[in-house]
Each structure stands twice: as C-alpha cells, then as structure tokens.
Amino acid sequence: MFSFELLRDAVLIGVLLGCFYAAVSLGLSIAFGLLDVPHVAHPAFLVLAAYVVYFLNEHYGVDPLLAGLLITPLFFLFGLVAYRLYYETFEKRGSDAGVRGIAFFFGIAFIIEVLIILQFGVDQRSVTADYVGKAWRIGEMRIPFRLVVAFVVAVALTVLLTLYLSRTFMGRAIRAVAQDQEALRLMGANPIRIKQWAFGIATAVLGIAGALLIIVAPVEPTLDRAYIGRTFCVVVMAGLGSMSGTLVAAIILGVAETIVLTLFGASWAPAISFAMLLGVLAVRPQGLFGRRS
Amino acid sequence: MKRTGIYFWTGAALFLGAALLMTQVIGNQYPFFAGYVILQFIVLAVAWSILGGYAGYVNFGTAAFFGIGVYTSVFLFKATGAPLPVQIAAAAAIGALMGFALGLLTLRMQGIFFSIATIAATIIIETAITNWRYVGGAAGIQLQRPAVTAPFDNYVEMLFFVQAMLVVLAVAISRYIQRSWMGRGLQALKDDELAAECTGVPTLRLKLMACVISGALMCAAGAPGAMYLQYADPSSAFNLNYSVSTLAMSLIGGTAHWAGPVIGAIVLGTTQQLLTVTISSEVNVLVLGVMLVLFVVAAPEGIIGLVRKVRRKRNEGEG
Amino acid sequence: MKRRTLLGGAVAVALLGLDSAALAQQAPIKIGMSMAQTGGLAGGGKASLLGIEVWRDDVNAKGGLLGRKVELVVYDDKSSASETPAIYSKLLDVDKVDILFAPYATVPTAPLMPLVKQRGMLLIGNFSFQVNSKVGHDMWFNNAPWGPADSWASSFLDLGQKAGGKSIALLAADQEFAQNLAKTAREVATKLGMQVVFDQAYPPSTVEFSGILRALKAAKPDIVYVASYPPDSAGILRAVNEIGIGDNVKLFGGGMVGLQFGTVMENLGSLLNGVVNYNTWLPEPQMYNDGTKAFFETYTKRAVEAKVDPLGYYLAPYGYASGQMIEQAIKAVGSLDQKALAKYLRENTHKTIVGSITFAADGEWKESGVVQAQFRGVKDKNIEQFRSPGKQVILFPAKLKSGDLITPFEAARK
C-alpha cells in the first residue's frame, strides 16, 4: 500500500506534527536542557495550561491562542515560585538532587492531575476557534489548519527563544549559567536569580504550548503521562539546551511517527520513536546538537 | 557481625513461619489479596534499590521488568502449562538477561540519561507485547489457574506465601550486597564513578552484577502476577504506576540501608491498600503526590534517615 | 367471637409493631462493586455509578428491599485490572456484601470472574465484553446490550451491505475493547463476502490522525468501521472533517466509544453529522419505557453537581436497570439466596427502563440491544440539542427504526 503521494503527505503532516512536539518541548529544553532540572512535571504544567485556556475559551469566549498568550505572565510567576521551591529543597542542599528531584516533580504532577479532576471533572475538553476543524487545500492535498497554527507558533517560539538566548544580556547569562555557574558567580552575578528567571521563561512558554495542546487535540486530566516520554525524547535527542535542535529533533520524531503510522504497521509507531531515542543515546549521548563534548 | 546475622535469619524464619501460619489459620481471603500486593512491592522496591540506591542508577523501567515477568508466566503457562516455580525461575532468568542489557546501557549513559533510556525501553517492550497476538495482544488474555498444591487450600494463599519467600530472598541478597565488598564498591561508584574506577574498583563488573540481580528479582516478583490476576493485559502489566510507586517506596524508606525500601514499601503499600478501600477516589492519587513531595522535602534520607537522626540526637543528649 | 377477633387483632397489631421495629433495625442489604473513579475509564464509571445511586435512592424511598435499606459499597479500581481481585475479596470477606455488581468495562472485570465463580456469587456485569466465554460462570448476567459476540459488527456491516458496500476498512485502537470489536468485524466481513482493504490498529495516545486517515482514504473502501476510544474518536472525526475520507465511502463509524458522551458530542458538534455509530440508549420516542423519563429527570439534576456526563445516555440508565433487575429478583425470590436469584434472573424476562432484558445461557443478553444511529443536523456547541429526538436517527434494529440511512457519507455530512 505504498505510494509516493502517501509518503509525501506523511512527511508533510509529520513535519507539522513535529513542530507541535517542538512547541510543547521547548520549555523543557530550557528547564532540563539548560538548567538540569529533572522536570517530569513539565507535561502536567502543560495540561494545566491547556485547562486554563479551555476555561477562558469556554466561559469568556477568548480565542485559545490569545488565552495562551494572556496566561503566560501567570505561568511565568508560577515558574518563579516552582523553581524557588525546588532550589530551596534540593539544589541548595547539594548532593543527589537527581532522584529526589524526579520524585518531587512526580509528586507535583500527581497533585496537579487531581486538582484538575476536582475542578473540571474527568471528561475530555476541547476548544472552539475558527481554525479548529478546517483544512487548507493545495490541489488534492488537504492540511488541517490546527497543524498549520502549531507550525507557525512553534517556529516563532523557536526563533524568539534562540534570539533571546543569544542576543539579550539575560539570555546570554542563562546560557553562561548552564555552562559554568561558578565562573558567573565570580563575575558578580547571582546564578540562582538567573536560573529562576530562566525557569520562569520555561514555564511561561507552556502557556502558549498548552493552548496548542488543546487546539491540536482534546485534553483530559491524565494526558500528561503520555507526554513525559515524548517531551524528554525530543529534548534529549536534540541535545541539551539547543532550541533549534529541539525543533529539528521534534520534526524527526513527528515524521518518523507519521510515516510508520501511515505506511507501515500503525501499532508499532511508539516503539519506532523510542527506539530512535535509544539509538541516539547509545551512539551520541550528547544528542544530535548537544552542547557537551 | 555474627550476631546480627543470627538475628536476621531468625527474623526471616519467623516471618516465613508467620506467613505460612496465616495461610493455615486465617479463613478470610482479603488479607492475602491485599498482602500479596504489598509483598510484591517490597520485592520490587528492594530490587530497585540494589541498582537505584546502592549504585545511584535511577531505573524508570520497573514496569518493564514487572510486565515481562507477568508475560513470561503467561507465555509459559499457555505454551506448556508450566507450574509456578518454573514460571518464576524462567522470569528471573529473562530478567537477568534484561538486566544485563540494562547494564550495558550504563556504559554509555549516566544520570538522567540512563533514566530516560529506561523509559524508552519500557515503551518499546510494551509495544512489542501489545503486538504479540499469541499472549493476547492488546485485548488481554484470561488464564485458568491449575489446582492448588498442599499444604495450601487456596491458590491466593499459596501465592502469598511464594511472594513472602521472594521477599526473604530479595532482602537477603540486598543485605548481603550491602555488607560485602560489592556494597562498598557500589557506594564508591555512586559517589564518584571516575574516581572509583581509578582506584581500581571494577565498576563495569559491579554495575552489571547490580543490574542483573535487580532485573532478575523484579521479573521474579512479576511472575506470580499472572496467576494472581488470572488475566493479563499490556496496559495493566506495564503500568507507569509500578515504576513510580517503586521509586517512591524506596525514597520514602531511604536507600542507604537495605531495610529502607522494605519499610517504605510497607508504609506506602499499606497506605495505598487502605486508601483503595476507604477514601477510594482521586484523593488517593493526591495522597501519593503529597507524600512524595513531603518526604523528599522534609526527610530527604527517608524514614531510615529520620530514625538515624533521632538516634544520633539521643546519643548526643546522653553523651 | 367478638372478643377473639379483638384479641386476635391486638396480637396482630402487636406482632406487626414488633415486626416493623425489627425491620427498621435490620442491617441494610449491601451491594458491593468497584468502579473507575480515576484513570481512563473514570468518565464512564462515574456516570454509571450515578445511575446505580439514583436507583438506590428510588428503592429506599419506596421502603427498601425485603424491608431492608439498600446500601452501596463502592471502591475505586483506578481503571486497572490489578486492583479488582483485592477489592472484591474485601467486599466478600470483610464487608460481607450480599450482592455483587461488576465494575464498568472489560479490563477490571476480567480478573475477578474466576474469584466470583469460585465463591458461587451472582455477578451483574457492567458493559464488559465476552469475559465469561472462557470462565463459564453460570451466575453471570452481563447487563450490556451487546448480545451475541458478532451481532455488533453484523448490524453495522448489514447496513453497509444494503447500501451497496463491497469493501471495508478497519481502523481500531490497539486496546482491549476495540481489538475485540475489530476481530468480530473481520469475521463478519469474511462471512458477508466483503473485501477487507485496510486493517490497522493505531496505538493509544496517538496525537494526530491525518496521516493514518490519508492512508485509509487511499485504500478506497466502501465501508469504514472504526473502533476507537473517547480521546481518539474526537481526533479521528476532526481529521476526517479536515482531510476528507473520499466520495466512495457509504458508511462511516460503527464502534466509536465517546460519541455517546455529552461533553464529547457538544465539542464535536457538526462534525458528527453523517456518522453512523453504535448507541445503547437514545432519546427517540421508541426507546422510552416505563420510568425512563423520570430517571433522566433525576439524573440530569444530579449530574451537574456530580460533575459527570450531563446526558448520561450511554451507561447511566443501564446502571439503574441493573438495580431494577436485582430488585425484581429479590422481590420474587424473597431472599438473598444467590442460587435462587440466579435462577430467577436466568429464567425470566426483566422489564427495565432500557427495555425488556432476557439472558442467554452464557449470561449475555439473548438479543442484541445495540442501536446503530446516524447523526443528523447537529449544530455546534449545544448540548441541549441532543435531548430532542431526530438528532440521532435509528437505522437498526428494524423494530426501533426511526429513519433511513443517508449515503454516501460525504452527502450525509451536509
């Protein structure tokens, strides 16, 4: 059942889907990739953002993307608080934050999950907007608008974050803190303040990513579990902390998943993407675009 | 040293004796159903700690080992009708092989990368089982237990006792490792792998051994699960819950001592069983979340750490 | 004579008084079950439980059963198979419940079948699929309208064949329920001489269905049989709407779980039009029985505060009907003897709010009560529209039919 048109469509949809994966992984790329925080609650934050967007859309008729933008300051503050809490309990104490950090964030993720259930119930939710449920026609080909939106937003986010990290003072400081915390301290900057700021940005990005999540597909309270593997897969495959790398790795994942789903046995799709991750980890532990040598 | 050994083995014998006595005396089945689950988590947590606690390699693939244990039994039982001990032994052998593969991963990956690799491996294995029609595939498979062997008059009671034996085995191995050269080597490896290697600690051999033992025990713990449920489906057998709960139990108990995961599994396992039949709602998940956060924040060394702290304070007070 | 009557009367009054006092103090009749309150099945589980609770309150308002109050003992099984054996053991050995109801869905039910059989307990099933075929428990009564294993697929494929369909595409979630549906569909298709041109199982947690539907479209099937779960059902319909499914498709749907849930239907709105899907209850005039209307009035009120499915057509009335069946059995038998109750349930036809129920020897419904209906004229963002008839026109079975199939699918969507 192979045909050139099918392959072409699969690649195209895969690229768009990959962009969506990139958008939901960028925050983690900062939090985990640059700051080394084992943020397994990242997908839970993402689902939380999606529910806030749903709330604004359902009750006030706010466009989901706009709602996503509106809640970014809120999530920025949320990120500041979360990092402070993490720092006080783990990094300050020093050794062996890894496994406890993971457990801590798992705990947070469960708490968020339950709070969502208590507030919104267990039914799945979705949003309405003009670009949800319509398609863009190019000749015979039809592309869902949802994915086009995801594509545009993901590319814009990647460009913005790359520029921010390379052109602004704070952005450079964040990259510096990722490479050598001590050196920064010697230069008189407060690395904790910088890391907190960076974590705030990583969480703020989730506002928009959450909007995309609920635009692309309906959400339910336990959806975060499905995204733990995917987001970490993207970030690790990309190589820690590279924004453009995150975009490329996510696109590779999206294309591989869609090609398997479309042309080969659909039920093998999850195995393929994670086998790729294992392969990358085994051959190039620093990731495809890694900062570590 | 010698005396603690006597205490330990007496305790183990008493524990097994009590478990056996329970199966003969208590008519009510519920303690065995609930107790089996708690014992199973003790084995998992102890096995996990051999790698995760002593060596510091955080394995997120507990569910993969557990699930493979379940499905080894399913396959053997369906294909040959193999009895329970054979199922468990075969599962342990396959678990050891999986552990060996896991050990090879540690050659290339450390820290969180290792953890992520184990998550990836879990998903791949689950997908493979889901696509394997012979063992039921995604639809799951129902099994019929064979007749129970004397002196038990009920299969669940027998499974309870078998799991109790696995607990003793796991704890004895874990205790032995902690007190032998292996434990010291693993400790050195955990503190600084490079330095350990330089000072002549055979890190690769140690890691491989820890992985093999841990993997074999986890799979063995899963093996009786097929006969316990008389049903297997991939999404239940490979549930993320096993990975997270095992990790949580080890941390809550404390990983510095072999008793830590045992205590953690008893505390958290019992709490979960109690909550299931009392509050029994989403609040259940909330309690797990809050316990996790509270423990890692307030008692980073787990219950074992708390006990040590209290003891030290008391000693200081007396001195 | 007169005195004796008087005396007799006095004794009778005294006895009666004693009797009712004793009854009031008697322990309640306990009905035990586990129900998914968390995890993937929670949405259905909560709605189903509310249906049973409405029955409990109704029966208690009428004075209970055998003069005793009815009490429910319910635990959360987290939608998982691994929790139910311990829970049901607790129900039997510690809570000492009198009657057992099964949890919602197949996965949590499957592991407890052997236990219940061994204990000689009656078990009222709740929408599980063929869990008794291997166990052979003769006191199992699955209150689900599935009927014989293949009736589901054959009702849909019959419609397709009558519409001129010769080839079929199967798209099923790689999960338990959907795989069982796909299996019977494959068998029925072969029996009807249809050609299976596409047969794929997609993994759970698939995010985007455009790709796989593109491949399905390329196979040019006449009939598309989809067996999917709630999150995917929405994703699939969206993708169908966006990229199209081809002009040759005559019939689309069949086994999509989720299109019966109020919030999902509200969210999908006009995307639903044209889809032919299975249902267990619909607000078409033919489907109302004695008490159905009153039940939904109560349910609708209570669903809001319980944060469960506002419509509740899929599971809730069946929860209530399970209660009604056990109520009738207990009243007829006059005791809680499991064997006698099972005998009554097996040998009689039970009138419930979902219709008359008769059980076959394997404990499934003797005749399928699954309804295939086509969505028509559905508008966006309006949940109330689904309460009125005509939005889901019944095509099958013939005795409940309320309209004819509109084909092809693309035409029916307008």
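As written, the chains take the letters A, B and C, and residue 1 is the first residue of each chain.
Just so it is clear, a contact is a pair of C-beta atoms (placed from the backbone, for glycine too) under 8 Å apart; a residue touches a chain by one contact, two chains touch by 3 or more.
This structure is a prediction, so every number in the text was calculated from the model and none was measured.
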| item | value |
| --- | --- |
| Chain contact topology (line, ring, star, complete or other) | complete |
| Chain pair showing more contacts of the two, A-C and B-C | A-C |
| Chain centre separation in whole Å, for subunit B relative to subunit A (CA means) | 32 |
| Centre-to-centre distance between subunit C and subunit B (centres being mean Cα positions), rounded to whole Å | 38 |
| Interface hub residues of subunit C, defined as touching at least two other chains | 38, 174, 201, 203 |
| Residue numbers of subunit B (touch at least two other chains) | 127, 130-131, 138, 282, 285 |
| Of all residues in subunit A, the ones touching two or more other chains | 117, 265, 267-268, 270 |
| Residues on subunit B engaged by subunit A in the complex (per definition of touch) | 52, 56, 58, 105, 108-109, 111-113, 115-117, 119-121, 123-124, 127-128, 130-131, 138, 240, 244, 247-248, 251, 282-283, 285-286, 288-293, 295-297, 300 |
| Contact footprint of subunit B on subunit C as seen in their complex | 37-38, 74-76, 78, 80-83, 85-87, 89-90, 92-94, 106-107, 110-111, 113-114, 131, 134-135, 173-176, 178-180, 183, 201, 203-204 |
| Touching residues on subunit C, where the partner in the complex is subunit A | 38-40, 42-43, 46, 174, 198, 200-203, 205-208, 210-212, 214-215, 218-219, 230-231, 234-235, 238-239, 241-244, 258, 261-264, 267, 271, 307-309, 380-381 |
| Complex contacts: residues of subunit B adjacent to subunit C | 28-30, 32-34, 36-37, 127, 130-131, 137-140, 142, 144-145, 156, 225, 228-233, 235-236, 239, 241, 273, 276-277, 280-282, 284-285 |
| Residues of subunit A defined as touching subunit B within the complex | 32, 38, 89, 93, 96, 98-104, 106-111, 113-114, 117-118, 225, 228-229, 232-233, 236, 265, 267-268, 270-271, 274-275, 277-278, 281-282, 285 |
